[in-house]
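Common to both upcoming complexes is subunit A, partnered first by subunit B, then by subunit C.
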Partner chain A sequence: MSEEVIKKPKYVEDPNSAKSKLNKITSDHYSNLWMAKEKGEMIGWCASNFPQEIFETLGLTVCYPENQAAAIAARGAGEKMCLISEGDGYSNDICAYARVSLAYAKIKDAPEQNMPQPDYLLCCNNICNTMIKWYENLSVELNIPLVLIDIPFNPDYNPSKAEVEYVKNQFLEAIKQLEKITGKTWSDEKFKEVMEISNRTSRAWLKATNFTKNTPSPLNGFDLLNHMAVAVCARGKIEAAEAFELLAEEYEKAVQEGTSTFRAEEKHRLMFEGIACWPHLRVTATELKSRGINMVATIYADAFGFIYDDLDGLIEAYCNVPNAMNLEHARDKRVAIAKNTKAEALLVHTNRSCKLWSGFMYEMSRQIGEACEIPVASFDGDQADPRNFSEAQYATRVQALTEIMESNKGGK
Partner chain B sequence: MTKVNELLEQFHKVAVSPEEQLKSYLSQGRKVVACVPVYTPEELIHSMNLVPFGAWGAEIEVREAKKYFPAFICSILQTTLEMGITGKYDGISAIVIPSLCDSLKCLGENWKYGVPNIPFIPMTYPQNRNNDNGRAFTKAGYLRVIDDLEKITGKKFSEAELAKSNKVYNLHNQAMRRLSDVLVEYPWISASQRNDIFKSAYYMTKEEHTTLVNQLMDLLLEMPKETSNMKKIITTGIIADSRDLLTIIGENDMQIVGDDIAHESRQYRTDVNESKDALEGLADKFSRMDNCSVLYDVDKKRGDYIAEMAKRTGADGVVVVMTKFCDPEEFDYPIMKKKFDAAGIPSVLIEVDMQMNNYEQARTALQTFKDMLN
Partner chain C sequence: MKESYFLGIDIGSTTSKCILLNSQREIIGSSLVSAGTGTTGPQKAYEDILEKANLTAGDISFTVATGYGRIMFTEANDEMSELSCHAKGVHHIFPDVHTIIDIGGQDAKVISINDAGKVINFVMNDKCAAGTGRFLDVMATILQININDLEIHAREAVRPAKISSTCTVFAESEVISQLSSGENVNNIVAGICESVAGRVASLAKRVGIKEEICMSGGVAKNGGVRDAMSKSLGAKLQYSPKAQYMGALGAALFAYDKLNI
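For the complex of A and B:
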């Protein structure tokens, strides 16, 4: 070889790609927050599944402690923040998102992901009752008002009329409460517009995520975990709808051209259950990729796809989020996803933080495995506290699944 | 005195052997319905001539339930499911499970598959409860429970019978509230005996229990009141029925002068307004319940409530009995602790679990706490 150094061309992201548009929406989300705060606008902290149609219509600026906690954990500060809350008397047993968030409310600075302090709180417990406890404490510690829309866990397959009525009345009441807190006014016209955009975003998101059904899949399923942030925090914004539509187009093209963002040969297709282990994202993804396993199915894809026609439909959609459903409904949804994407195995994250998500998952995953005739394995982890994950255990479980997938193929 | 001791023995017997009570009800041909914490509409069950039977777990080993629950679910629910799977509840007609915390939501779902022979009846309560919308939803939840009970047991519901049951439960509530205060004057009744009285209420009909509690109070009030050098404490938490823990409290010369335990006094704070229609009245009762970790409270008044109770009863300190893995209580603790500190009330946290065989840590913590109070 000569002295010449062969330089790899520097990777430049195409600013017109869906990925960079989606990333921009996320970064704009945070910079807009700071601008709003500087202008003296009131800021809300909001639960990820609070009906965003309310504050989009009112034109309020909100941010999401769950997203922030995930970002902080992914950037390595989960344990540091958890320890601060534990020092204040919080048990290490409670949801790590809550521990990170309560710590942030106290120290008000996390270089990994800062966001402005809130003037009011928007809570919805359709994902868990933990949310209520967490927001109650924020409200007391920060001495700011809290609006709760209570959407109970539904023990039946579909929400009852009584439930829809109960939630709808709270939805209307929340609007009044927020008008009073923020001084903004409600417009039915704007509400209609927001509903349209939200549906458009949700449809595009579902369309894009559905491309994992192709073999090979045009995307690495872990991409969805990143894009999800936009589905959470910008569903009612036109840019989000456009970016997801573009994403769907790109995937369509990739299918035609036989390309994929999964940078390995796709030997196996896997369904991943649960929230990502943010502190160990790289390890969990690499362990799969190195074996040629692509994650093609996750309930997340559906979790933020809210499709509805009118207010009743909207309410029903919020009553029907994954963590508010009974086992049978939750199981059927997953079975449909696993079948649609031809997943060959189910890998379950037993998430130490999330009692609701993990509390009946053993039985549900047994049933999914049987219905889809696929092997199931679980590993212990946590979405934000790095202490509850063992790389060795994860590798062993993935290895076990790989062997079964391989032998299943060999036998065919 | 012998009569008092006889009564205390009677409470004790029931408290330590619920299975005998269950057998006896079943052998009398009564239909029994298991009631899972934290709040179950017992009045409805009682009004349909069914026997409500408390299901708050037990100090047993967990094996089968591990197939359903991961390890980080509280032992009340682990052991309740274990009892169901292993046949300890056989003969029971149905189980009512309210979903006031995340783990309780999971118990219902697991129950359907782990214990298919005992039907699961869900009770869904509202959190935004103290308004017409909340009350209507509570009522809808009760109607659903009634409907399921009718289908499963063949019994019929009537408003008139419910009105009677509401009265029975109100009388029991009043007796239990009074009991807690009366016992303050009789420090020789131990923490374990106090717990026997509360615990036995879950395995007897309320009429029977009220009669015995009233008899006990009448007898006690005839006796001279006593003063003692014991340290007076308030207990707070979900459940505090571990014999070992109660013994340690006694050994450390502590007297429970009031409690905010879900399994004890939290059940008895709120009465049905009997001037309302029976079912409306029951829904209204729930709407007014408060100061509990599983009931939404934006003002988080519970710490103040306990501080106030400590003042009223002259308590020297608060013992927080924390059920391991109980996240609603774990969230309340730091806020309550601040309130106790601000009010100058000493407090100590003891973590308990129904599988605990070693109480040394609890013992040391309580000894240190006692020294601090001195």
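For the complex of A and C:
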């Protein structure tokens, strides 16, 4: 008797789902870039936390080296690109995103994620100061203009009026510089419209991410790491606002129906601190999922949710991004997230690329652990350089955290 | 009634250790093979303990594996992390201990436990081998000293040499240059012990030290490191001659719990 082969039906994504729409925005982002380049439009390379309202209002086409580096690293070419930069004399202590990007600017081809070469650069250091040297070097190597908005790290809890004023003047100057570089014209009316859309997108993004507070969560927290790309590259676009609103609706429905994109029983709830370990994303996510651990809390959700009422509010929001705020403010935000989402442990990715983020992480995670009465573990890794991660060390730490969480629930 | 036996096996990076318990949770056997995960060491340690106890695998009621090789050991019924196992083992021997400093072949960990022996928190070394048993192995090789004799040399030191705790490779070249400049070997050994202790003591301070403190793991056998650790922390340390077996003991106790709780 011949055995009947039962084929699993091929998964077909619903084109009307939020996930599908969000994926389309990301893929359109890259195809639109190439079309723009072919039409002779100028292309900008832009830092992820540069005020996108400026180039959305001016109608400029930009892309994000950080997103590109993450994609290249996630698709397995991080080490290859890092080695190219290291061969040019860049230290392997420098941010791996910078090394990947500088390598790409040199070889101009990475099948894992290509994007057009830039005609100008938009840099903002509210995310880190390495960004300045990275972009300065791109500017020199490619002989193209660099527009920089300096938003320094804030040692105070909140930005002062003086800081807001300092940044606002640069914001206005950046508009003039870009008008000169690209020949485009600023419109206050368009600016108002962009601010409205950006706020709408941010509100929807924050609403969607906030659904992880439900037990069980209607989403696998790692989904946010994928959707974040849209929050970075399309915040000022109406399609992004609509897709995130749809995502929030889907999560709301999932809560009511008791379903989730986390494909396992949610036994434990975890806060993940630090950027994703892109070169080992599958390993890091699978180790958690296999133990029934859902990542329900991350500062990333807040990192790209900019809510403001006017220009001063906009500037203040960009001065208050997670990487620009002091330890106490950063801790309080995370403690609030951990408590809101009922996180039972904190897992810290000590990202060897990022001295700024990892620098005060030991002390901050200690304070978060104390405030939330949760265990904390950290592991070495990197956002794009795969050489800084050890799978066995990661697995041991996650297992130990799991055993503590089980024990805290009265298990053996 | 037939006696029940519970086995714990700790498969580390450089050694494999087994502990056998009877139904009264008494240690009735132990074995140690100086070969760890990825070698025949785990199987040898397992067969050795069974042979010494005149038992077969079928006589063992439950086996728990721990250590870096825990996943691959197919004879085990379950596996637990070494963090939980060291805590369990140490608490069984020293119920008043609240801070455990475990230094093994390739990692160092500090575990904070409560009065009931439950793990509250822990911290582990980063990827670097400095501050681990591997560091001591490398140094002993350069100095052409048996690893077990490091303690004797350290205790005869007059003025410990300054050795970097940042990196094993840097420290290796430092030791070579100290030797070249005629530094006394005892002083170098004491400096190496202080280097390991200093690095792990800073981990201990990060997780928070609550007395009593105990050292476990293979490196705990080295009195030079124990002395330096005690000096770094400004506190006395508990130590069992069975320090290297604490993970295996904890695993055996977990094996007992699996069938008796």
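Keep this in mind: the second predicted complex is superposed on the first by the 408 of 412 C-alpha atoms of A that agree within 3 Å, B and C clash if a C-alpha of one lies under 4 Å from a C-alpha of the other, contacts with A are read in each partner's own complex, and residues count from 1 in each chain.
What we mean here is this: contacts are C-beta pairs under 8 Å (C-beta built on N, C-alpha and C of every residue); 3 or more make two chains touch, one makes a residue touch a chain.
Since the model is a prediction, treat every value here as computed from it, not as a measurement.
Looking at the shared chain after the overlay, A:T350 reaches both subunit B and subunit C. Applying the stated contact rule after C-alpha superposition, one finds that A:P375 touches subunit C and leaves subunit B untouched. Once the two complexes are overlaid on the shared chain, A:Y362 sits against subunit B and subunit C alike. By the document's definition of touching, neither partner reaches A:Y157: not subunit B, not subunit C.
Shared-chain residue A:S407: touches subunit C; no touch with subunit B. Applying the stated contact rule after C-alpha superposition, one finds that A:R397 touches subunit C and leaves subunit B untouched. In the superposition on chain A, A:W34 contacts neither subunit B nor subunit C. When both complexes are aligned on chain A by C-alpha atoms, subunit A residues 350, 362 touch subunit B in the first and subunit C in the second.
On the side of subunit A, the complex with subunit B involves touching residues 88-91, 93-95, 98, 125, 128-130, 132-134, 136-137, 139-141, 146, 148-150, 152-156, 160, 162-163, 165-166, 169-170, 173, 326-327, 350, 352, 355-356, 358-364. Of all the residues in subunit B, the ones that touch subunit A in their complex are 67-70, 72-73, 99-103, 105-110, 112-114, 122, 124-128, 133-134, 136-137, 140-141, 144, 293-294, 296-300, 322, 324-325, 327-328, 330-335, 337.
Contact residues of subunit A toward subunit C in the complex are 350, 362, 366, 369, 375-378, 380, 388, 390, 392-393, 395-397, 399-400, 403-404, 407, 412. If you check the complex, the residues on subunit C that touch subunit A are 68, 71, 80-84, 107, 118-124, 126-127, 206, 254, 257-258, 261.
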